[in-house]
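Each of the next two complexes has chain A plus one other chain: chain B in the first, chain C in the second.
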Partner chain A sequence: MLRQILIHTVARRTYAVNFIQNGAVRGICHSQWCRSSDIELTSIRYPGVQRGSYAQLSEKHVQHFRSILPSERVVTDADDVAAYNVDWLRMVRGASQIVLKPKTTEEISAILKYCNAENLAVCPQGGNTGLVGGSVPVFDEVVISTSLMNSIVSLDELSGVLVCQAGCILENLDSYVSQYGLMMPLDLGAKGTCQIGGNVSTNAGGIRLIRYGSLQGSVLGVEAVKADGEVIDCLSSLKKDNTGYHLKHLFIGSEGTLGIVTKVAIQCPPSPKAVNVAFLGLNTFDDVLQTFKEAKRGLGEILSSCEMMDLLALDAATSNLKLQRPIGEFPFYMLIETSGSNGTHDEEKLTNFLESSMASGIVRDGTVASEPSRIKSMWKLREGITEGLLHDGYVYKYDISLPHSSFYAIIPELKTRLPAEKVGRICGYGHVGDGNLHLNVTTRKFDAAVLKMIEPFVFEWTSKLKGSVSAEHGIGFKKTQYIHFSKSQSSLNLMANIKKLMDPKGILNPYKVLPAQH
Partner chain B sequence: MLRQILIHTVARRTYAVNFIQNGAVRGICHSQWCRSSDIELTSIRYPGVQRGSYAQLSEKHVQHFRSILPSERVVTDADDVAAYNVDWLRMVRGASQIVLKPKTTEEISAILKYCNAENLAVCPQGGNTGLVGGSVPVFDEVVISTSLMNSIVSLDELSGVLVCQAGCILENLDSYVSQYGLMMPLDLGAKGTCQIGGNVSTNAGGIRLIRYGSLQGSVLGVEAVKADGEVIDCLSSLKKDNTGYHLKHLFIGSEGTLGIVTKVAIQCPPSPKAVNVAFLGLNTFDDVLQTFKEAKRGLGEILSSCEMMDLLALDAATSNLKLQRPIGEFPFYMLIETSGSNGTHDEEKLTNFLESSMASGIVRDGTVASEPSRIKSMWKLREGITEGLLHDGYVYKYDISLPHSSFYAIIPELKTRLPAEKVGRICGYGHVGDGNLHLNVTTRKFDAAVLKMIEPFVFEWTSKLKGSVSAEHGIGFKKTQYIHFSKSQSSLNLMANIKKLMDPKGILNPYKVLPAQH
Partner chain C sequence: MIIRVKPDKTGVVTDGVKHSMNPFDEIAVEEAVRLKEKKIAQEIVAVSCGPAQSQETLRTALAMGVDRGIHVEISGTEYDTLQPIHVSKILAKLAEDEKADIIIVGKQAIDDDANQTAQMTAALLDWPQGTFASKIEKLNGELHVIREIDGGLETIKVKLPAVVSADLRLNEPRYATLPNIMKAKKKPLKKVSPKDLGVDTTARIEVLSVEDPPTRQAGVILADVDQLIIKLKEGGHVQ
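Let's turn to the complex of A and B:
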């Protein structure tokens, strides 16, 4: 049945190539396919969401924006605006009529000051690679794109602190700092398109969190603009600064609802001198957990990634994207990466770990790469899954944190719950080292009945295990009604009060993060 | 002249022994010396600070507290209360008449609810090892001590996540998790006395931040009680949880002014299998920087500490505490620690690094230890400085973050600025790897004229270099008037608004963190 679905989805592949460049998933591309109006408007698909009592965009507003920005950076042509209304997954579509492209903090400040005074809702947008509908308008919000805010402000080679504007593309930053023997502390499939401001606003996780920690640790400072246009300068580029409340964290992970991030100071670790990747085949999920434990023990400080994928997840990359599976067929696969300062030492650690894991039988087969091109191919398999799944048709996407002991149990549970004839693929992959599962169900096209069988079941399941209903993707537009599964009412009240304090009119990225009743 | 001062301070040593246990600085000990009333009351030494219009403690209040807590946990005996009024450095002294010792979150909630209703100001107190007067009352605030909130809630061995109450002593936690092959991600001189709740509230840094990052990264969740008694449960024990605003950060580093931290979930890294410490002698500060650079390069992922101290700083430990200097006399010393998973590999990396640093002449002499007792002795030298300085008499203490290039320049500058006959010691030490200098000036006794020569000069200097006037100690009571040297007015306004939102009556740890005008 899976094969059948794949045949049906061949026709959809044409748009997907726009995402792919150098084999990595690159996020949205403002090209032809985006203009297609076959994606249902969010206001129609989600009739329960009501437009707030914001002002409607008028010619007067457009004229004023043209007094703040040069005309070419005030985009009102419907075709040009269209791409900014649709998310990467083509699941939500707004109806904005205008995109503003500021280049400086001052321009953003002037725009927000005016929008706040005029009661115009805005939607900040970075690389538009978000997966929860947080980066596109829901109705007719004014889109503020940070894509032209792409200057590097400074790099301190000794401390490794990079300061840059919010619109810098993650991969470009990584290339830049690599010239100085440094690397960005986060990496994710969308790196070729996503912007650092968006990463910070979403508190993006990615594939190397296990080694380099979260953005809450590596972002040293943030400059952001509040709804009323006031610039909050907490752009400290110091590793340590305990002077008052740590305001930057109000902007890290609040998805543009408390302010628009305009600059970021981030700690870049030294580039490793040696990188190795092992691609392993395993028989059971218990073996996956045991292997993770052994990797932590044996690889210690050089372990830089610990990913898992089940056979059906890997198949989304191999069958749908025609990528080569490097080893035979197993129920589970792991991708384990080491990054270190001494190639000989690292190789010895990795060899010891693999020998003992294979000797004990927890790892059934495996292959190791140390050459950049082979490493890239292996990562392509893992990073290609997201895009491969899109080829199935419609993807019901969940990004949950769970205790390790219950990490995978929801997949077999869902397989018994969902009628086989209605569903294409039920699969799991993700950052097992961080307890973060990407659970995906696919159908040929959107099916409300299937959705009802999955939600809120998945969230209830997660909540019972004290997991998180959004590990790294954020709440965005699509999960506001489920946030209470992971957050207490007192926390939600405090969040709502902070939102009210910082954005009393609620103009910043409305309908996102907090549930409607707040 | 330095020797003269040391002779005069011998008489003061008696109290200091209370601090010392196993050679480490242990923070306040509620013993005889604390009861001495030779420490000027804060209200007298700082006449500019006015008591807020809070209620005065009455018998009715005491009776009510006795209805919440058993009598023995409502301390009103003046002798018993005295120790809670004085800070570790004996620089500030409050006049509280009552100490409450809750054991549970619910008790703290009931206490705060009542205090808020009655308009009674409170001062939360952990291990009372703070260095900026943040943990003792300024006037007659009700002290809420977390010392009996010392239960461990859970430990997940695989993920390394520890959940515990706020009053657990850092060293006890470290001993506990070490049984499971884990370690606490922070370590500091006061570990034998300081409590994790206080560490989190201060956003404590310590000696291994360079390796394990800040508490903002390693604290996964916090439970805290707001001024009105409402419990904010953001005690996620998940590595990744992007569901709404990251409220925990409101409590990390806000020094008990936004809420009292009652529980903490923290990520514990695996204990290293091998630890080595090198104690190095160097001729110039440029050599210190060069050595840091080489250590980063050569030791990479196993570098777990990079500390420096100048000759006079080390002398505070060797002369005043009679500790042995392990190598000859040099203008600068460094303590470099490695922690790794493979002793042979680590030793090889360290040997290569030391051989090349000595061959190039940047390191003049050095000694290496891998046995726990010798490692402890070396750390004693570094950690003993704080306590050694107290023996000089009065210590003017600064804890600043600076760009590496300007890290040490303020020491020679101060030496030319301050008249030699008035000052004992001007010295610098600290976490050079993190750009964090502990600048200390000592005099035989407090001298307002010397203070005036140092302040605000030191803060202005720091501000000009875009440094932080408090890298890790916090603002507390003593630095509120200097916070603007590191924070913009818009940031300060937002902080004040958040304070007002979360604690409208301002009962939580008043006179601390934010400047009086807010």
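Let's turn to the complex of A and C:
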């Protein structure tokens, strides 16, 4: 027996080791999975959707686009275009033959003016990380990619207002503003790929909404181009501006159906000086709710994220992506993050909260980190779920808002409803702080019978509880038939009228958001 | 976080930067804890040389399962110029005082990448060394250390006491759990100075200048091969 072991530990200053974010992970996914041509065309899988009476792309059109943009930014090679036709979840595939890559608002304006005149349908595309098939063409729409619109216009250090082009990648913006002691007011798993224009167009939520609010609050101004090419300048960078109708809200969350967002002005809060993350194991969903309540009370203003995941959701990340589970097996896990300006103060609050939650038995076990590298690996467990689920095969994805009391009840309900031998995994995770559940069912391959058992059941169930059928993912292509579960007929009528007013020919991102009859 | 060089070029800006345990040292701690769990080891002592923040790192080690900690306090300019030779002398002295049977260190620190401490400590103590361990086994009173080398695995036998340095694949360190974090607060942590150990930590090197890496020059897109050849000739890359 050895008496003693002496180990030498060095306290090293932690410099950022930038782990490969989703951007790179995506690259791996593409090479390891099937070719995009193996995915069924949307027009075949959804035979009920009819192509609108738009013009077909002709050589004349391509020539004209080449007069607006240099030829290397007019992509027509079938292999190059293929990637723009398939969504990240690989559940829909369009048949576009052309991708345009403008760099300026003026170029987008010229493109749209021409498309409107020629009656060519267009599909605006950012980072293509959407989860409802909104960012890829359904038929042969002209893809307008904002990827090259990636310059930063200005940053006001005092007010924290960042003005930039729509194609800037969220994570790049976050690194940029961090040099000035600021942070982006939103953060989501796809940050390494998604673009701010897409975030704004889809009113993306994410993991810090509980602290910094929705984009409807933090986006101060938007510049967008209407279907006819007219540039709408509401690029105000004022915190307060009650002059006339708040038109920017027409572009935030309308998923590119009313205009293409070209620039945004966004309010960036100061980045926290101290961040702590706790990863907790719990026995029941009631304990999760109780812990959330205690966290709000005990952590107060420093609470910046409150996420939950069940065992099977975490397993999608740990088993499929080979990540280490930090604590033993529990039916539920929570990830609680604090961000504040004083490390000692935050740590004391968090310790008190954790000690009392452990003592009262609502939290069974857990771990806590304040070093950036450990924080990152804990977040990777939560953010890796989406990607981990894809490894199961086909994912039926639902993103619903529900009152807290019935937040998780749909999972046991679905487990009794769906035949166990057909289904790989039924799991739930999400932003418990915001009452937003990500409900996911997986099967090895797409199974229409399983889909029929889930839809419209999940939407009816949500509607009955006065929840929302899309909390943060939007409607896109996939959910147009279910929007009425969450919106009244009168609101839908007004939406249709606004669409007619702003895009009379319906060329902007057709077959998305509004139900077909409109 | 972005690393910035101080304006006076004496080092990089570290104010307000969070300290954490060097990843290879985390692996070393994990291995020691596993040896104790397998009842091969009886007691584990963790040592950290550095400023006050080193105590947080020691608490992490204690929460992972280490029994007690020794903080060798070194701060200010002496810390800035602390070299593996100093640390090795401190470890050698502590190993003798504590009658340690194994010293496990991470193979290198991720900031200076020196990779010298294990080797120098073994030399100072005149103990055998098993560096870059990817597996450790105790058989017949000896340690079998498996090392990843070019073209395969090398197994070496070392007699105890010995110095071992941990490589990346030795193990995957555990997370410290809440009950253990709380217990760790009550575990003993002793503070000593290099002077107490009779080690002189006066600087043996002088940092002349720390510079940013040169910024990469922007590329140019050329229309055709002819232009490329002209450019290459201009740059003197081809005749």
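By definition in this document, the second predicted complex is superposed on the first by the 482 of 518 C-alpha atoms of A that agree within 3 Å, B and C clash if a C-alpha of one lies under 4 Å from a C-alpha of the other, contacts with A are read in each partner's own complex, and residues count from 1 in each chain.
Going forward, a contact is a pair of C-beta atoms (placed from the backbone, for glycine too) under 8 Å apart; a residue touches a chain by one contact, two chains touch by 3 or more.
Please read these numbers as outputs of a predicted model, since none were measured by experiment.
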item: First (chain B), second (chain C), both or neither touched by A:G206; value: neither
item: Chain B versus chain C as contact partner of A:S373, first or second or both or neither; value: second
item: Touched partner set for A:G467, first chain B, second chain C, both or neither; value: first
item: Of chain C and chain B, partner touching more chain A residues; value: B
item: First (chain B), second (chain C), both or neither touched by A:P102; value: neither
item: Contacts of A:S175 with chain B and chain C, given as first, second, both or neither; value: second
item: First (chain B), second (chain C), both or neither touched by A:G134; value: neither
item: Where chain A meets both chain C and chain B, residue numbers; value: 273
item: Touching residues (chain side chain C, partner chain A) in the complex; value: 1-3, 14, 16-23, 25-26, 28-29, 32, 35-36, 39-51, 53-54, 56-58, 61, 66, 87, 91, 94-95, 98-106, 109-111, 117, 138, 160, 172, 175-179, 181-182
item: List of chain B residues in touch with chain A within their complex; value: 156, 158-159, 202-203, 205, 209, 213-214, 216-218, 226, 230-234, 236-247, 249-250, 252-254, 258, 270, 272-273, 289, 292-293, 296-302, 339-342, 345, 348-349, 401, 403-405, 431, 434-436, 466-475, 479, 483, 486-488, 490-492, 494-495, 497-498, 501-502, 513-514
item: Complex contacts: residues of chain A adjacent to chain C; value: 1-17, 175, 178-179, 273, 278-280, 324, 326-327, 354-355, 358, 363, 365-374
